[in-house]
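Reviewing the structure listed below.
For reference, chains read A, B and C in written order, and residue numbers begin at 1 within each chain.
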């Protein structure tokens, strides 16, 4: 198979501006049979190729059962993502994937699900939230905790409001810096941890965001009696090949692209506690 | 399997047999003051009588009156550049007039290559690169193509350098596996062993002589001498626990003060596999080429994500290299990533010695 | 940045300040690609090649040369004001060039030593990088820059993305090219381990030592290299001069060089 690393042509079917720097591309493979065969699980990622510029790993945020389109929510921060931001409906790009291991949805069934995200970390987790809300009977309580630096950074405010109206669903949002219209907490997201309605014995935690935030969150959750093996973290490292070969994503002995990006906390405990690993 | 004795005067017969079998032959040659692998067609191309002097950050050749072709320790190259190319085009993209993008794969190399003079350390390294690039579910097509057409003529190492420590890692000086043919070089000729049916086939064409008991004993003696000559060693073959227990050891800061973070160690390392994706669009914009190129955990780009460099200083980069090479390799490949070739010591411009650094960080560590 | 719309030819200017013109040659040496380049962009100002219109507003301005006179100080402001994307090309524009050596000496005395009528020389006492005067969007290092760098930068800008910044050390490229290390195998005082890649390890490929014409790489350990060069038997002042050469105005090299000069005064 010489096609291991070869992208497939895809088309931008819809484009949504989420914030001044965050946008969602809704995509479809140009080859219909390729599109029909494409399957992913929440938490997995694709490599997006911008013609003549390069590739970048981005998690899939849409629902795995939606077979019409798959979505990528992207923050324009590097040269490739800033370039992707310029794509319009009808434009083409390359896609290969999906890669990695997604969230432990099977393990989560029948348990309370606590989702903690920071910054744009919410993107990989939104697919899980959608997944759970659409299959509500399979899960216990759903607690969604999201922290942002600045109130303006929160995307999908409308979705958070909507989720907060669902039964057995608690939404806790915080911004380090608020603004006049900010309806949620101003301060550290970890301030809100005491308000979480969770039963530590039957809770599964899925976390995504800056490593510093995840370190603190893990400590607080352990204090509340949540077991190490009940916490799952989506890690981020440079990924260039996505198949465990290029070596950039190494996190101790793990290849984040292949062994992750979602890891059980017990597996990466030592590594997470050290900076610059 | 021992197949016989090849008198020195008939060494050309081996090259001819390989050529006849359709192989391009690569062998050691002196180039720009070092022994490197390059195309050979005649035995005169080989570095007869050459010997090396190596020490941390130092490499020099000296011509002697010895008749031997292989009386030296490894130069800067391993087999790595011949199977995992320093720069390799993976695929191409073409912009179509309607805005579409057409992708095409780059056909892998179909060259049949025979490499002569490969040492035990480099065979151990090749086995590790095989595990990395050929791992399921999908092997790397470019590596796999080169690897499948590679014929290895090993030479048991008789002359390790001051920087060699393959005895300590258990990978040499005698080649034990991974070769098609293996040679023990004596003054008057070569003991020939075959390791594969392919190798036995080539050996059969050489009309080898019967090996004398003296020759066999001499070959064994020189391996023993090579073993005894080595004085550097790692504290243990498995330093994983010791390294990961010492991630905040002051030695990391100390070595960072000496390290140039230039990436020479990772480039000459026969097992380092990191590579970067490189996009090269043509000026017209109508086509673009996607390649991979050797990268190093000592570069800033290696750990760069979303405007953050995870390993921003040399302390973190050197720690990444050493903890991976001697530590997390065990987790990934079931053994250390170091085969004791000593290249990272000789070819480090400032002569940093991996055995010394590992010794300092893991002082007191015993085998796990 | 946005990708270039079909049919629109971005307007390009190539400005010269205090320099030898060598970097502009990287355009002229493109050969056939120069014709292709001219079909993709419109050179509205490029005195060395013909068109002269320094005041035209442009999409991309390439600036060669350092800021060396009072007029330069004013002119670079105008160039910036009329350019959407400003690229410095070469050591002079990016680090002040060889002529920045006068920043570290008594420039007035040098002028007096050389020129019969020093009063005719209207230079500032310093030669500085363009970035010390105006915002620079991209720096291309090198003495001179290579055609490959220019083409890559233009191509990226035409695609509407930032050009790739090459910051690795020369050693990375040297080893990818399988060149035998001139420092280890020949004891040459190679600057490769602290110097930015981009030249294709040109000097080592001819068996000579890198003399740092592409300026400092990221994370350069000038002290460790200094100790190594001392170990090769090179006098501190001679090592200092290797740092205080073409890119003497680049901070890591200025510091390393001055340290050596002062320590051994």
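Assume contacts are C-beta pairs under 8 Å (C-beta built on N, C-alpha and C of every residue); 3 or more make two chains touch, one makes a residue touch a chain.
If you're wondering where the values come from, they're calculated on a predicted model, not measured in any experiment.
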Study note, to complete from the structure: Computed over C-alpha atoms, the centroid farthest from that of subunit C is that of chain A
Point to revise | Chain at the geometric heart of the assembly (C-alpha centres) | key: B
Study note, to complete from the structure: dist(centroid_CA(subunit A), centroid_CA(subunit B)) in Å evaluates to 40
Review point. Measuring from the mean C-alpha position of subunit B to the mean C-alpha position of subunit C, what distance in angstrom results?
Key: 37
Practice item. Two or more other chains in contact with one residue: find those residues in subunit C. Key: 155, 159
Check your understanding: Can you list the residues of subunit A that touch 2 or more other chains?
Key -> 51-53
Check your understanding: Of all the residues in subunit B, which ones touch at least 2 other chains?
Key -> 281, 285, 295, 301, 313
Exercise for review: Over in the complex, which subunit C residues touch subunit B? Could you list them?
Suggested key: 33, 36-37, 40, 151-152, 154-155, 158-159, 167-169, 171-172, 175-181, 183-186, 190, 192-194, 207, 218-219, 221, 223-225, 227-228
**Study point:** List of subunit B residues in touch with subunit C within their complex
**Key:** 31-34, 36, 57-60, 75-77, 81, 86-87, 257-264, 267-268, 280-285, 293-296, 299-301, 313-314, 346-351
Review point. Which residues of subunit A touch subunit B in the complex?
Key: 1-9, 30, 49, 51-55, 75, 77-78, 90-94, 236-238, 240-241, 243-248, 250, 252-255, 270, 274-277
Check your understanding: Once bound in the complex, which stretches of subunit A touch subunit C?
Key -> 50-53, 79-80, 82-83, 86
Point to revise | Residues of subunit C defined as touching subunit A within the complex | key: 1-3, 155-156, 159-162, 164
